[in-house]
Every structure is written in structure tokens, then in C-alpha cells.
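Please find the structures below.
Shared between the two complexes below is subunit A, which pairs with subunit B and subunit C, respectively.
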Partner chain A sequence: MAIVAGIDIGNATTETALARIEGRNITFLATGISATTGIKGTLANIAGLRSSLGMALERAGFKRDEYKAVDLIRLNHAAPVIGDVAMETVTETIVTESIMIGHNPSTPGGVGVGIGVTILFSDLSRAREGDSVIPVVEAKHDYEAVAAGVSDALSRKVNVAAVICQSDDGVLIVNRLPRVIPVVDEVSAIERVPLGMRCCVEVAAPGRVVSLLSNPYDIASLFELSPEETKQIVPVARALVGNRSAVVIRTPLGEVRERRIPAGELYILGPQGKRTVNVEDGAEAIQNTIVACSPVENIFGQPGTNVGGMMERVRRTMSDLTDIPVGDIYIQDLLAVDTLVPQKVVGGVAGEFSLESGVALAIMVKTEELPMQRLARATSQELGVEVEVGGIEADMAIRGALTTPGVKPPVAVLDLGAGSSDASFMKTDGSVTLTHLAGAGNMVNTIIASELGFEEMELAEAIKRYPLCKVESAFHIRQEDGTVRFFDKALDPGVFGRVALLHENDMLQPLMLPGINVERVRSTRRKAKQEVFVKNALRALEQVAPGNNIRLVDYVVLVGGSAKDFEIPTMITDTLSRYGIVAGRGNIRSSEGPRNAVATGLVLSSIESGSRTKGGS
Partner chain B sequence: MKINPELLEKIVREVLAGMETEIETGGKSEPSLSNSSPSNPPLPASETVAGVQMTEKGPAARGTDPKEIVLAVSPAFATAFKTTIVDIPHSSVLRQVFAGAEEEGIHIRVIRVYHTADVAFMAHHAARISGSGIGIGILSRGTSVIHQRDLNPLSNLELFPQSPVIDLPTFRAIGKNAAKYAKGESPTPVPTNNDPMARPRYQGLAALLHNKEAGFQDRSKASQELSVSFE
Partner chain C sequence: MNAWFGRVGGRDALPDNKPSIWLVTDPSFEERDARLVASGCEEEGVPLAWDVKSGSSSELARMACLRSRLEVGIGIDSGHRGAIALVAVNDAPYIERDAGTPARLRWIGQAAARMSKGQPIINETQRRGMDGHE
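Entry: the complex of A and B
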């Protein structure tokens, strides 16, 4: 009789399965889970391993630190150790000579279109009868004074066509005027608005968007442009699409252009030699090149560029952690996803943001067995228990997944973790093919954070994990599917009126991000999950399926931490059903859900290898 | 700690003024919290204080207009007191709060609350009779609260407890955020300054001001609706 602990050190969690083995009979006693300490595959993992094992021991009726009760610890051969995720912005919008204002203030004043020449508000009293002018008002002027000045000018028959002002006074000014004119407010860098130039201001009615200034031909009509000049105005019109208010000023050389930032090239080494792809060509081009080079042997970035820096950083981190020389570290997979990143417009007058395109990259490094053996030795010394490195993660995952009721070979297993997505396929004869791919939960977090414009990864993790709601009153919320829920007790005032995340136990976490709504967060979250997990599921199955044909797979079992997500499994099930595949979340040993697959597999495989190495203890 | 002579002088003046009132009223032992007869001289129903005219129109009723928020001020606001603790005129305070709400398309109804001098209860009372369910409370020294009718009185949506650091842009933002809550939007809470020296420097003065302010309360008098006009 022997007690065996299978311990799976993952990128995010360390999971333990504790079992008693008598001959060929295996009785599972308990499981444990705790956060992984340090980067997977390094000596720093031992702390997390202790607490995970301790938890399992305690649940099995032993003392928390009674490690001696265990006869054998089996660790997974943690192949992919490091996955790094980075964002590269590849475009930027530049406005020269401040020829447009498109910052979309929440409350512009009035409605309509006004065309005139820009003048300083203090010069308005000097404007003559019949002039069409657009006063530019600095924050030092009070709204009463502005309204009085404009009313006075209007009574002198000066055609004040519109107003551009710095403080948030649009509605206040219009409410005090004898007739309604469009007012664009909150223009922060008002001193940069060119004066004495022909200008057009448009404010749309609430709930509508500008129609004139977002149409190049209308701009051409307003400013009497030639066909060549109209071509140049197209980026301006494009930048103003979807805004409620807009200003276009005609200056001799002003323009809006989109610049592509040189993000660098990727060099991908495969059996057929080296291929080059430019990061700014986007995710699809990168992914096609990866497929063309498969199986990828190594990936380098162009030295001196952002991508080059990212690749070298990963190599260096990896080398520092494992003592393997930098030259011997191989990057074996890369996943690129197109994203949109809110970036400040260069040269903008009112702090405009524009959604620039970017590419998120996740990469994965293949490790040697060396560091795992070192970890095993160190663990053995620390705990005084025999430790062996059991087997490859995906192989173990499939053994664990087979304990799910209703599954039999041939079967494919997708292990969706935090750092990598692994796939394995077991044929009827028990032979296994497997693959490890870059890009999983952490990449989803990175995409969510950059698209919504914040830095905190904990917040991104929470957005990924919990559904959204809008708190509509102190007693009810509207969930993201439109259903309303009432509460008996008043909700925390901190969430009143806000978009919030609905945690377990009905705890609400308010999202304090400027200008967000439920729909935007939800679509960002779902898109990120689709792009990473669904894409990786297809990519992985293609690599392990017989003849690389996904249709030849009948059953797919989803395991791993990300398979516990509330929507990722359904997204994958939905996509794979088009290939006629039965796919669903695993239920390890009919009790563990999708977790603990690898740890269970490690215990199960000990009967085969265990008898060999341990000689029947 | 550096002693600010101006502040000291102000405190001395406040104390002396308080003593005079006590002497005039025959040195009553409980000048501030007596139920029926406030120790301070009765206030006129309408008074113009440097730029704002506030006239009582009768008891404040429950509103039904979802586009309104209710602003509760204390009896001494813009009458016995004319400025906040940092000498911002009350007329400017009202003007900025009004402007903040008007910019968002929301209308403010002003009431004078007599039954309490606690800003949380004032604001909650305002929220309960507000058509939108959102109320604001402002004390004479500047302390402010944004409240919602379904909350507990001592809970709130946004609290601005340090009266010395509240400036006019903050009052504007208070009006704006209260209006946004009324519209069901989710505004970013108003950013406020924090001055760790505000407490040691102003606590004495704030206590005196509150004592004087509380002296005007009349627990038996219903809240009065005010018409406000600026000049």
C-alpha cells in the first residue's frame, strides 16, 4: 500500500491529487489547490506546492504538514514554462495645425451647423454687422458674460454662427441666448485653435451623430474644395464619424493622417528555413507565416525594435530562471491577436482619443528537462519524500480527462490554462500526440486591459471571470442579458448607477472606468475570449488530429482553469459543433469538474511507471 | 504648527459674537439645541446676500419631476453666514451647483431645512422629496453630501467632509455629478483635494461655525421651499 500525490504545477495554480494505491487499485483521497508561486518550473514553486499538498493532506485527515505520510510525489514535466504577452500599437493618428476637434464632449450645447471665421471672444465686440464669426472662448470667461457678449453681437446683426469654448459651459451658454446656435465645449487646449480661419462647427441632436462633417463631400461643399483636396480631407471625416459634435477648421497645410509605427519584424525559423513577417501587417499575416513554418523551431524579433526587445526579454528571463544559456532557449509558438487600443491623438486640441490598431502577442518557450529535475530534487530534500517527474502535461491531462463519464478513446483533450493552451489526442490503441500552444487566460487579460484602457491585471482578471450588470437603483440591477434582479436589502451606495461585476455571493464590484457601458465591456470580453480560446482550440486540434483534419475528431474534453469560465466552454462547444464534434467541459473522476486532470493523470500513470521505478514498495 | 493670525482673529470674533448673543438672551444654558426658541434672532423670510435672493415660498412638498434634484441648505446659509469656511460667497456656491446641474439638463429645487443641522440628514431629506430621488445637502461652512432616497441617512453617494478644501470647481462638479446620478448615468466620483493640515487648522473654527449654525435649527418647523434668484 502506498500513498501517492500527483502534483500539477500550472502557470496560475498548483493542483494536487492524493490517492492510496493497493496493487492496481487506486482510491482517491482528496485534492488540493493553491496559487502557483513564482514562474512555473522554477524552485520558487515549492512554497505553492507545499500549501497545495498540505490542503490535500488536511482534507484526507492527515495533519497539514504531515508530508511523510506521502510515499511518492509525482510532478508533471512542465514543458511550457514561460508565456509572455505584449501589446504593440501599430498605428497612430496625427493632427497638424489643429484642423479638427473631435473629442465628443458629453454635453455640447445647442444643435445645428455653423460656418464662420474663428475670432477670440474678447474681439467679438469689434466684429462688424454681417460678419460670420465663431468666437473662441477661454475658461477665464464666465458663461453669463459669454452669453451676454454673444447676445449683444447677435443684436448688432453680427452672425455668430457657433461658439467653441474651453470650460464645460455649452448648455449654459445656449440656454441664455435668444436663438439656438451650436456650441462645442470642453476644448482643453483652446489656445491651439487657429484664429482668423474658416471653420465649421456641427452639433447633432441628443442621441444622434454628426452627419455633415463626417461626410467628405459635405466638407468639400462647405469649404469649396477641389477633388484633390477632398481626397486629403477623408481622414478628417473618418476621425469624426460617430461623434455628437465636431469642428473642422480650414488651414493652408493642416491635415489628419494615420501613421504606421514601425513595430519590427519577426523571423520565424522552421524546417524549410527562415521566413520574415512584419508585425504591422497584423495578426492574420503573422499567423499564416507561423502555419507556413510549422513545426516552428525558433522565433526571433528584429533587433532594436519593440518586438525584438520583447523576444529578448523573454529569453533573458527564462535564462535567468533556469541557468540555460540565452542561445539555447527556443521560442516555439506565438499567437497574435488584432486589437484596438485607445490612444491619445497626437496634436489633438481637446485631448481626443482614437482607437488605434494594435497586435497582442503571446509567446511560449520550450524548456529542457533539466530545471524540472532540479525542482524535483529540491522538493525531495525539503519534504523528505521521494519525488519523480511523471510525464508530459498534455499526456497526463488526457489520462485524467478519460475519468470523465461518457468519454472513451479516440478522444482529444484541450487543457486551457492561464499561460498556455495544450491539446492532446489519444487514438484507440492508446498512442498519444500532443502540442503546446501560446496564448490562454493571461492573454485574454492583456487584451481586455488594453482595449478598455487600464493597467491593472487584477481588474482584467475579474472582468474576464464575472458577468456584468448595471445597478439601476439601490434595490435592483439589470444583468448583461437584460434580466432584472431585485434585492431585499439596499445595495452598497458605491455601486449606485454604475456598471459592476457580479461576483459569487452576489458581491458587486463597481467598474470605475471613464465612459464605459455594459455592452462595450461585454463585447470586448467576448471578443478577446473568442480570439484567444476559440482560435487556439482550432489551431491545437488541427495539430493533433489524425491527418491534421479536425473532422476526424469525435470527442473533445475541455479541462484546466479556463474551462471553468462561464462562457469559454460554450463558445468552443458552439464552434466545434460545426465540425460535428462532441465538445464539453470535463468532469474529472465524476467529481472534480474540469480541474485536477493533470494531477489525476499523474497518479493514474504511477501504476505503469511506478511499478518499474519503485519495485513494489 | 504655524499659527495663522487671520484665522485666530476670526475664531476670536466668532467666540465673542457667540458670547454677546448669550448675554443678550440672558445667558441661557442651552442656547443651541433648545426645541422651540432658537437663541439666535429670528431670520427674515427673504434676504438678499451679496448676489443671491432667496425667498421662502411655503412648505417644501414632494416633487414628481424626474428631471429635478433637491438641494437642502441650512437656515443660516446665505443669511446669517455669507461665505463658507474659506470665504467663498454662498451666492457663488449656489451659482456653481446650479450651473453644474443645468449643463446636464437637470433642474435644481432649493429647500431650507430647519429640523436638523446634520448635513447627511438634510441631504437624505432632500433626496426623499426629490422627483429624481437625488438630493444634495450643503452646510454654511461648505460641507456637502450627494444623497439618494433609498439609502440609509448615514450612507451616501458622495461625501465632501473637508469643508476647507471645497472650492468652486468642486461645487460645480457636485452639481454635475448629482445631475448625472439623476439621469441614471455612472459619473466618476468628484475628485477632491485632501489637505492633512485642514483638520488641525480649521477644526476649532469649524466647531464654532457648526455651533452657531445649529443654533438656528427649529425642530418644529417644516422645511421651506425657496425661490432663488441671482443678481
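Entry: the complex of A and C
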């Protein structure tokens, strides 16, 4: 009899399956799960491994640190490591001489369009009859005084066409004027608004968005622009789309341009030689080149460019962690996804953002056996237990997946993790083909964070994991599917009126992001999952399917942490059903759901690989 | 010009049936300060009716919300303690804050107005920074 622990060190979690083996009889005792410590495949993983194994031991009736009760630990074979996930911004809007203000103050004042020359509010008393002016009001002026000054100017037949002010006083000012004019407020860097220049202010009615200043031809008509100048103004119009209020000022030297940042070229090495693709050409072009170079041997980035720096960073990080020379680190796969990234407009005066195009890249470094052997030795020394590196991850996953009731070969398994999407296909004769692809849960997080404009990865993980709702009153929420739920106790004022994530136990996490709504977050989340998981599922199955034809696969079992997601399995099942494939979430050993497949596979394969277990056959 | 602020019984009193937030304060509370609360409401497009009574801020806020057609009320007591109450939440004020500064008075008005519209409360530091984002 021997106690064997199969331990799967993943990018996000370390999972353990603990079993008693007598001859060829295997009795599973318990499972454990813990967050992976450090980057997968490095010595830093030992802490997470101890914790996961400890949990399994405790559940099986041993002491948490009774590691010596285990006769053999089997680790997954040389886990491929995701080195980096990065966002390359390809375009950027630059404003010189502050000619555009296109932000969304919560309460702009008035409604309509006003055209005039910008003038400091303190100089308004010097404006003459018939002048068309737009006063620029600093925060030091009280709204009553501003309204009195503007009313006085209007009574002198000065055409005050609109007002631009720094304080949040737009409505207060308009309510005190004899007629309604558009007022844009909350312009933080008011001192950068040029004076004495022709300017147009537009405020749309509540619930509507600006229509004039988001149309390049209307801007051309207002400022009498030539066709060449109209072309230049297009980024301005684009940046103002969807705003409730906007200001455009024409200055003689003012310029808005859309700069294309040289993201650089990717050099992909395959059996037929080297192919080059420019990151600016977008995700589709990059993926097509990857397919054309299949199987990829190595990928480099153009030196001195964004992508070149990123590739080198991946190599250097991996080299530092594994002691393998930089020159021996091979990048074997890459997944590119087109994104829109909200970027601060360079030179803007009210914190304006513009949606710029970008490409997100996930990279996978080729498997190396050396680091895993080193990890096995270190684990053995630390725990005093024999440790061996078992089978290849995708191979183990399929063995674990076969314990799902109703599954038998031929079958394909998709192991959807945090760092990689792995696929394997087992034929009736038991032979297995497998592949590891870059891009999984972590890349979804990167895309969500980037498209919604924040940097905290914990928040992105929460957005990926939990459904959304809107807190509509102190006692009820509306969930993203439209259903309404009531609570017995009043909800916290901090979540009132906000878009929030609905955690387990009805805990609400408010999203404090500017200008978001349920639909925007939901569509970003679903698009990121589609682009990464559905795309990778098809890519992976194509590689392992007989004759690379997905239609020849009949059954697919989804396993791994991301298969527990509340919508990813349905997205994949839906897409694969179009190919006539039956796909669904696995239920490892009828009890574990989609988790623990690789760890279970490691235990199961121990009796086939003739592992040296006490009393084993 | 629309009426955005009025004292009960005064010449500028709002019509009885006008949907508005109610502010009930201690008699020592000055009109100048009430107008600061009103400016926070007005910027959000919500009128404010003002009355005076004696009591704690939570008692005054409860009184105020029960008189408001928008079911949101503000109470400010003699110690310049402020409270916002909702008719639906009857066990305690929904929000309680010190109401000792002009910025805080305007924030209380704005917070009550936004709640009456079902919108999130703007963070107090953001209000001071006037960067306009929620």
C-alpha cells in the first residue's frame, strides 16, 4: 500500500489529489487547492505546494504537516510558463495648444450650441455690444457673481454665446440667466484654455450626446476649414463621440494629430523559415502569420521597439527565474487580441480620454525540463518525501477527464487555466496528441483592465468572475439579466446607485470607475472571454483533431479553473455545437467538477508508469 | 426662473405639490447655510424645501423625508450634525455627517439630490477636487 499525491502546479492554483494505492487499486482520499506562489515552474512554488498538500492531508485525517505520510509526490511535467501579457498601444491622440475639451461633467448647464471668442470672465465687462464671446470662468468666482456678470453683459446686448467654467456650477449659473445658454463646467485645467480664440461649445439635452462637434463636417463648417484641415480635425470629432458636452477651440498654431506609435515587428520562426508581421496590422494578421509558421519554433520582436522590449523582458525574466541562458529561451506561442484602450489625450485640459487602438499579447515560453527537475529535488529535500516529475500536463488532464461519467475515447479535453489553454485528443487506441497555447484567464483580466481603463488586476479578476448588477435603491438591485432582487437590510450608501459585482453570499462590490454602466462592463467582459477562450478553444482543437479537422471531434470535455466560470463553458459549448461537437464541463471522479483533472491524472498514471511506491506492484 | 429653494411659510415657499427634497433644521440654522445645501440640490436639478423644528439630526431628517414627495429628507441639528434619511429606511438615517463647513453643506445637498434620482453619491474628496467623475 502506498499513499501517492498528484500535484498540479498551475499558473493560478496548485491542486492536489491524494490517493491510496494497493496493487492496481486506487482509492482517492482527499483533494487540496491553494494559490500558486511565484511563477509556475520555479522554486517559489514550494510554499503553495505545501499548503495545497497540507489541505489534502488534513482532509484525509492526517495532520496538516504530516508530509511523511505520503510515499510519493508526482508533479506535472515541466509546466510551460507564460512570461508576460502586455498591451501595446498603437495609436495616441495628441492635442497641442489645448484646442479641445471633450469631457462628461456630471451636470453641464443649459443646452444648445454657442459660438464666440474666448474671453476671461473678469474682462467681460469690457466686451462691446454685438460681440460674440464665451467667458472662461476660474473657480474663484462664485456662481451668483458669474450669473450677474453674464446677465449684465446680455443686457448690454453682448452676445454671450456660452460659458466655460472650472467649478461644478453649470446648472446654478444657467438657472440665474435670463435665457438658456450652454455651460460646460468642471474644466480642471481652465488656465490652459486659450483666450481670444474662436470657440464652439455644445451641450446636449439630458440623455442625448453632442451631434455637431462629433461630426468633422460640422466642425469644418463652423470654423471654415479646408479639406486638409478637416482631415486633421477627425481625431477631435472621434474623441468627442458619446459626450454630453464638448468644446472645440480653433487656435492658429493648434493641432490635433493621431500619432501611430511604432509598436514594432514580430519575427516568427517556423519550419519554413522566418516571417515578419507588424503589430500595427492587428491581431488577425498576427494570428494568420502564427498559423502560417506552425509549428512555431521561436518568436522575436524588432529590437528598439515596444514589442521588441516586451519579448526581451519575457526572456530575461524567464532566464532569471530558471537559470537558463537568455539565448536558450524559446517562445513557442503567442495570442494577439485587438482592443480599444482609453488613453488620456495628451495636452487635454479636462482629463479627456480617447479610445485608442491596441493589441494585447500573451506569450508562452517553451517547456524546459530542467526547472521542474530542480523543483522536484528541492521539494523532496524540504518535505522528506520522494518526488518525481510525472507526465505532460495535457496528457494527465485527459486521464483525469476520463473519470467524468459518460466520457470515453475518442475524446478531446480542453484544459482552461489562468495562463494557458491546453488541448489533448485521445484516440480509441489510447494514443494522445496534445498542444499548449498562450492566453487564458490572465489575458482576459488584462483586456478587461485595459478596456475599462484601470490597472488593478484583482479588480479585473473580480469583474471576470462575478456577474454584475445595478443598485437601484437602498433595498433592491437589478441584475445584468434584468431580474430584480430585494434585500431585508438597507444596502450600504457607498454602493447606492452604482454598478456592482455580485459576490458569493450577496456581497456587493461597487465599481468606482468613471462613466461606466452595466452594459459596457458586461460587453467588455464577454468580448474578452470570447476573444481569448473561444478563439483558443478552436485554435487548440484544430491542432489536436484528427487531420486538423475540428468536425472529426465528437466529444469535448472542459476542465481547469476557467471551466468553472459562469459563462465561458456556455460560450465554448455554443460555438462548438456549430461543428456538431458535444461539449460540456467535466466532473472529475464524479465529485470534483472541472477541477483536479491533472492532479487526478498524475495519480492514475503512477500505476502505469511503474512508479516506485512502497508495496506497489 | 424656476423656484429651486423656498422656506415653508415664506414668500418664496415652493408649491405644496412640487416634488422636492425637504431640509428640516434647528431654528438657529441660518438661511445662508440653507442656501448652500440648496445649491448642491439645484446643481443636480432637484428643488429643496426648508423648514425649522427642534430635535436631533436623525429626528429632523426623518421628519423631512416623510414630508418629501421624493421621499428623501435632510436634518441638521443645533450642533451642525447632518443626516440624510429615506422613507424606506426607517430605523436610522441613511447617511450621517458633520455639517460644519460650506463644502460639506453643499455636498449633503448634492448627495441627497443624487439619491432621489437613484444616482451614486459623489465622493467627498472628488467634490472638493471638482474633477467631475463619479
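FYI, the second predicted complex is superposed on the first by the 592 of 617 C-alpha atoms of A that agree within 3 Å, B and C clash if a C-alpha of one lies under 4 Å from a C-alpha of the other, contacts with A are read in each partner's own complex, and residues count from 1 in each chain.
One rule holds in what follows: a contact is a pair of C-beta atoms (placed from the backbone, for glycine too) under 8 Å apart; a residue touches a chain by one contact, two chains touch by 3 or more.
The model shown is predicted, which means the values in this text are computed figures rather than measured ones.
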Simultaneous placement of subunit C and subunit B on subunit A, clash or fit: clash
Touching partner for A:Ala139 - first (subunit B), second (subunit C), both, neither: second
Partner chain in contact with A:Pro514 - subunit B first, subunit C second, else both or neither: both
Touching partner for A:Met457 - first (subunit B), second (subunit C), both, neither: neither
Touching partner for A:Ala35 - first (subunit B), second (subunit C), both, neither: neither
Touched partner set for A:Val234, first subunit B, second subunit C, both or neither: neither
Of subunit C and subunit B, partner touching more subunit A residues: C
Subunit B versus subunit C as contact partner of A:Arg498, first or second or both or neither: both
Subunit A residues contacted in one complex by subunit B, in the other by subunit C: 107, 143, 168-172, 175, 472-475, 490, 493, 496-498, 512, 514
Subunit A - residues contacting subunit B, complex: 107, 143, 168-172, 175, 470, 472-475, 490, 493, 496-499, 512, 514
Contact set on subunit A toward subunit C in their complex: 103-107, 139, 143, 166-172, 175-176, 185-186, 188, 350-351, 472-475, 490, 493-494, 496-498, 510, 512, 514-515
Residue ranges of subunit B touching subunit A (in the complex, touch as defined): 99, 102-105, 133, 148, 150-152, 155-157, 176, 180-181, 184-189
Residues on subunit C engaged by subunit A in the complex (per definition of touch): 1-2, 4, 39, 42-45, 86, 88-89, 94-95, 114-115, 117-123, 127, 129-134
